[in-house]
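Here subunit A shows up in two complexes: once beside subunit B, once beside subunit C.
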Partner chain A sequence: MEVDGKYIVGLRHSKLRDTSISVFSSVISAFIGLIVGFLLMLFAMIFTNGANAFAGLGIMFAGPFNGTYVALEFGNMIFYSVPIIFTGLSITLAYKTGLFNIGAPGQFFMGTLGCLLVALNINTVGNRFLGILVWILAIIVGLIFGMIWGSLAGLLKAFFGINEVIASIMLNWISANIVTWVFSLNSSIINSDAGKSGYLIKTAQTGNFSPSLGLDQLFSGGTSKSYLDIGIIFAILMCVIVWVLLNKTTIGYSMKACGSNREAAKYAGINDKKNIIFAMTFAGGLAALGGCFYFLNPNIEFAFNSAYQNLPAWGFNGIPVAFLANCHPLGVLVSALFVRYLNSSGTYLPVAGYNQYFADIIIAVIIYLSGFTRFFKERIDRFVLRREEKRAQASKEIEGVVAEVTSKKEPNAFVKFFINAKDYVVHLFNKIFKREKKTSENEVVVEKKEETEGGDK
Partner chain B sequence: MDIFVILIQSTILYAIPLMVVGLGGVFSERSGIINLALEGEMIFGAFIGAIFTKLIVQANPALATSQWLYILGMLISAASGSLFSLLLSFSAIKFKADQTIGGTALNMLAPAIVCTFGLLIFSSEKVVSNANFVIISSSYGPGMQAAMENDFFGPILKILFDKMFISTYICIAIFVVLTLWLYNSKIGTHLRACGEHPQAADSVGINVFRMRYLGTSIGGALAGLGGFVYIATCAATTAESGVAGLGFLALAIMIFGNWNPLFISLGAILFGFLKCLGVLYMQIPFLKALGLPLYFYNIVPYVVVLIVLIITRKKSGCPKAEGIPYDKGAR
Partner chain C sequence: MSENYIIEMRNIRKEFPGIIANDNITLGLKKGEIHALLGENGAGKSTLMSILFGLYQPDQGSIFYNGKEVKIRNPNDATALKIGMVHQHFKLVEVFTVLDNIILGAEDSKFGFVTKKAARKKVEDLMERYHLHVDLDKRIDEISVGMQQRTEILKMLYRDCEILIFDEPTAVLTPQEIDELIKIIKNMAKEGKSILFISHKLNEIMSVSDVCTVLRKGKYIGTIKTSETTTTELAKMMVGRNVSFKVDKTKANPKEVIFKVKNLCVLDKTTKKNVVNNVSFEVRKGEIVAIAGIDGNGQSELVKAITGLDHSTSGTIEFNGVDITKKSIKERIELGMSHIPEDRHKHGLVLDFNLSENFVIQRYRNNEFSKLRRIFINFAARDKYAERLIDEYDVRSAEGISTVTRSMSGGNQQKAIVARELDRPHNFLLAVQPTRGLDVGAIESIHKKIIKDRDNGYGVLLVSLELDEVLNLADTIYVIYDGELVGKFENDNIAPEELGLYMAGGKRMDLEENKEE
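Take a look at the complex of A and B:
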């Protein structure tokens, strides 16, 4: 893409620019998703009398601010985002290595199995210090269980060439059955209170629960505390660790090389088998930690009896979280919180006459649109190219010389991208509302020139 | 003896949706689009089919066992599955979106739609259509009934015609016809070429985009059909926000069958047999005597699939250009 020998700066690809494009398209897709949700609510007014689409949209925007106790709602929102941060990270890590880890639900279950077997079978009530030790042990056991489960898929892929998707789906259901099987044999930890069936006891009963560090008190409202505990700190820490691993270490680099082109990486002397096994083991551990930190909370109980029929939603929800973040480890944190933000408004939607599943539809639409990054990128590139061409043309007409596009001191890629994006949005806005400026003659020339060129590249 | 008749009957009922949906996956993946949305398409097809049958049965309860209604329901669910899959192909082809994201989004969207509109229209998260399409032995003439009691070929007749759904035979016919069409017709060959090497296909004048739309739409239609057949045969014609993970299993069976319809049908039957054995083991004397719990038999099919994969590992039949958006400029 050259204009009279001058490379157009706006089209130069940089990492920063790619990141800003994915941020931009995520924001755009979130925006369009909410509009689609609004239209759907308008449509649904046909079925339900008294429903109010404007109030519904307001509730969707407000998220946890709908509640009487905003801090409490916020604390719970953060708590419920912890498991999907971990599973999202698990899927991110595997995806960067070129693997689609659909086995996160199974690894999540194995983590739950490991940690609850330890935490519920050892009674340390009354001794908080021992309780913390057992809690740490429980997490380590859960982590190891998950890592073993993840590595199985990696081993099958590396040594037997079995597609990781099929191996993971099979391992998911195997683990689901193992979980119910093992817990049903372990009758001492089953909650046998009246009216309870199919649940395990809470970790609060054996004293081995996650410390809250006062976070539950900080995010409390009225007489009740939120569920928030130390899990979120570990989740944030893990996001950073995965980011460092992927971007600042040799192993991370070779993993990404495997992900982008396995054959080329092999040719360059990278041990692809080692990388696949490592990535799946690490990913399995991450998903398992999600299960550990969720179920070690003193308020959460595990429904073991139905586990073998339903794979845990936390595992599958990691997939959209990872993709919404465009598989960026730090983005996973933001996107998990965002998904839970929208989800938390679900319970308030009946106020406006809608059921809570509207929030799910809106989230699904946002995920759907977040795949359009490449489309946005091409559009913005084309827009920038056309604008630069117009400028070059105009300056040719007036001064008779080509504009020295490259000689100008350019702002950095991030800033420049947002200038371009802003111009593009203004351009779209003008186009929609027919506020296009009168086309001058030389612009027509440019249009014709482009048409004859056909597919650029 | 009766238990084996029941075992084979239930194996067939379980394997048929797996086969059909697996073939749906083949159509879209052979054209070059990863169809992770099989589960969502099944749920959506089952949902629309259940709404249709529910409305008809409400208007005229006498039609609750009508086979024509069943056939119409299958057609409508196939059409709706196909329409739903357009969301995937549109994002994957027109917008060059990551196909895994599109599939994931559709898998989230379908249950959300079922729950939302189920609650809105019928004030329930399930759509119970009260239709029952099974054909039992008493609906045949006395000659047939006597033949079914015959010691020698009675069981075979029972397997074929007693407690039977016409969908079984329709689906087998569709499976055979579409497989032959995919491998022997001109359009079928074009479609497969687009999944292997779209640039080469384009250079001989095949419209890659159109072929990919076609492949995904046929895949979506088969998935929608499979979803409706599944709820009609195994879930009392009740549409819910899930199909017991059958969509993902069909995806797994498709990979297990190495993207080849013949192996997919064999894989579906093997898997269905082991799965039904796990459900019916209490009625089989020598398995009951072993005293193993239900969970053990539940695990067996999945382990067997993995073992078979390890033993028969061979060159993957995965279409080469699968998952890569077609770019005319890139050669």
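Take a look at the complex of A and C:
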């Protein structure tokens, strides 16, 4: 819809306020998600014996705090968020270029293949220095494998116009089969311990594992250490790098231009094909790093035998992580931790009589409702704008001069945002409860009253 | 009080977030009257008519029908009140016949089968009565735009509409078709229909309407009898200042050839027909060459071939002495080609980018706007540049350089594109419909800038569907018809009607340029 008319001059948005509104809307959405999840739990009470929805919700909220050793739980929570940070970043980067990288699972697999082939076939037990060198080599090989795999979808899209979603889905399954096939030929790295079948050995056995930098010790409890290692540092670093790439560099600029309007980018002489290939290659590399850092941990083993049947959930989970963060690279870090936070309560849910997978349902609900973020953002934006307009008018009337509205002198946008946020909640509250009472005649009166209430501090 | 108005809109106010589109607007329409609604882009004309047609609800104010207050909640309510609207972009089913389109939604049926006999009779009567002939059995995609518009009008008449709203009806028509349309509209008014006519073209308003209401920036400026006013006065009411229609320009002083097209052909892959057929022309430095023609005669394809957005099948394009036929868009830009594109949303802007980002879209990697070996964006330089362009080209927006272009009005989007293309270092300007959908004020300023470009010694190629624009700006005019150049004129005292004949394919001359060497 094209809106024509007059712009109200002076009502500039500050960037900080915009960001705060976005964050606030996400929080509202997530919160509503939790409420809906809670309702589901209430509903499930009918079927579950001795279930208690309040206790269940409490467990969901508590996340890692449920465990006896909170630090240990936190360490593992962070460790398990590493792969989805990387795949989330992969999805984010591609999405900004207008591509939907559903190929993250395949790229994740190729990264795993590359790094484990190196890390498990060279034995450096006893020589930690050599072990680190091999570890670095393993990551580089995994990265290259993933980048090649990502670039395939990019090349197909750029030169033959094949939709990257279809190409990536195919490539996912091809990679899944390659992984199983290659590892099954490489019998020296298959774990042949009694009772084990279909697993590879752990990197702990060859000495080429990720350094923990004492993080595992830091997050430990009782006699056990957490799995946390250097991966999270690389993950954070990568979030920053992707953010800088997208927002501060010329490459990021051209990628975003292609993403939001490929025709206009072409018109301006930007090589759209190059951008597509680059984005898919980089995205492939990111997803592959997720696989590398996950499986190079000394405690994790890879079930190669069933790989061809199941694509790794780590790859697909990057999608909700990215979209929960509204495809913001730094947000991906937060949303991945948030998802793992809720997920870590899963094992404790049976205490309240719920299946452990109930956590997944609630996460799914939250992610689904995160789609409403925009809905809330629009409403809050409109609400704030109206208020400022009204204030501007009020100050005009009082002082009899044209008010220089907020635009330039907005030093404390953050404080302001909280006032606005509070007022919006009050406004919503009023709306919900007043609506029930209203009759058709005094509809207008009630509306007016609400607004004045909202307008007062 | 209401002196037998058939429809009256009183104190209408409509706000959109951040914008007051209509602010206390009052409009009265008498039976049998042709009432024009005049205003700049973004003055709120379309919003007001959308309210009358039930597409929007007013925040304040009321609508009276024959003195009784009515609520129009949706277009069905409007139809029930016998209000009909011809939209700027027609709402027709392309693969249906004219008759099917007319009766669609109001068809008679017998045992569940559509019966068209009575409908055909009624439509034929209407055609006779209003002198509005269309071939009822042709499909919409087989008939011209003018005929499609007639179909739309018949659609309203078939539903016995008494109040007819026309939203910028002449934008897509040739001069001959416009004359026809004006005749039809006058005829309908004579038969007692009441007509609301939205336009920002003053000449049309003067020739067709009885009364004219002027809006400016959402506000009601006044209602005036057209017989008692002049175009100058109307323009002043609309823009709020004096406007000159004729752009002053000195005689062209053309120098050497900068741009040369030779025997250019573009083949349409689906129809296997040349949509651009053997086109040859030259543009010299310091002159404006215009290509006039009715929409869809190969202009878009020609422009795409020139800019590199699409490939040509044969022929050559020479620019600054370099054969650029096979060169990339980037290389053409680097050689000094500026291009104001036809479709500002598709090609002109990345709508989700803000103004400052859009201003450097061709030059984001230049040393000027980047740093550290062109890796990082130089935000400070970019923003400073954007501030300057906004000032110099009067691009109005809510949030200055950080305004997301999607939220801007069409006119200001266009101004932003023009600013970027004219300010970029260039020596040849390809302007396609540079003032599409703009109001007189903005048109004036853009025309001046294009002429300044010419006077700076740049070559200008203007492709426009607006005959006025072509006549105002061009030094040499080519007429394109069905993919071929069919006429060449030096621009001194050409009759528009004569050009119209060439544009419609009624006449052609043999151009030397077309001859094979």
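In this text, the second predicted complex is superposed on the first by the 374 of 457 C-alpha atoms of A that agree within 3 Å, B and C clash if a C-alpha of one lies under 4 Å from a C-alpha of the other, contacts with A are read in each partner's own complex, and residues count from 1 in each chain.
Everything below uses one rule, namely that a contact is a pair of C-beta atoms (placed from the backbone, for glycine too) under 8 Å apart; a residue touches a chain by one contact, two chains touch by 3 or more.
It should be emphasised that the depicted structure is a prediction, and the values quoted were computed from it without experimental measurement.
J.: Who does A:156 touch here: subunit B (first), subunit C (second), both, or neither?
T.: In the superposition, A:156 touches subunit B alone.
J.: Could you tell me if A:385 is touching subunit B, subunit C, both of them or neither one (first, second, both, neither)?
T.: second
J.: Can A:263 be said to touch subunit B (first), subunit C (second), both, or neither?
T.: The second partner, subunit C, only.
J.: Tell me which partner A:253 touches in the superposition: subunit B (first), subunit C (second), both or neither.
T.: second
J.: Mind working out whether A:199 is in touch with subunit B, subunit C, both or neither, as first, second, both or neither?
T.: Once the two structures are laid over each other on A, A:199 reaches no partner at all.
J.: Looking only at contacts as defined up top, I'd like to know whether subunit B or subunit C touches more of subunit A.
T.: B
J.: Identify the partner contact of A:323: answer first if only subunit B is touched, second if only subunit C is, both if each is, neither if none is.
T.: It touches subunit B, and subunit C stays clear.
J.: Contact-wise, after the overlay, does A:174 reach subunit B, subunit C, both or neither (first, second, both, neither)?
T.: A:174 contacts subunit B only, not subunit C.
J.: Same subunit A residues contacting subunit B and subunit C, which ones?
T.: none
J.: Hey, which residues of subunit C end up touching subunit A in the complex?
T.: Result: residues 14, 16-23, 41-47, 217-218, 307, 309, 328-330, 332-334, 339, 341, 346-353, 357, 361-362, 364-365, 370, 374-377, 396-400, 402, 409-410 of subunit C touch subunit A.
J.: Which residues, counting only subunit A, touch subunit C once they are in their complex?
T.: Those in contact with subunit C are residues 2-9, 11-13, 15, 248-251, 253-254, 256-257, 260-261, 263-271, 381-382, 385.
J.: Taking the touch rule as given, give the residues of subunit B at its contact with subunit A in the complex, in rising order.
T.: Those in contact with subunit A are residues 87, 91, 95-98, 100-102, 104-109, 111-113, 115-116, 119-121, 244-245, 248-249, 251-252, 255-256, 293, 295-296, 298-299, 302-303, 305-306, 309-310, 313, 316, 318, 325, 328-330.
J.: In the complex formed with subunit B, which residues of subunit A make contact?
T.: Against subunit B, the touching part of subunit A is residues 44, 47-48, 100, 102, 156, 160-163, 165-167, 169-171, 173-174, 177-178, 180-181, 184, 308-309, 311, 316, 319-320, 323, 355, 357-358, 360-361, 363-365, 367-368, 370-375, 378, 455-457.
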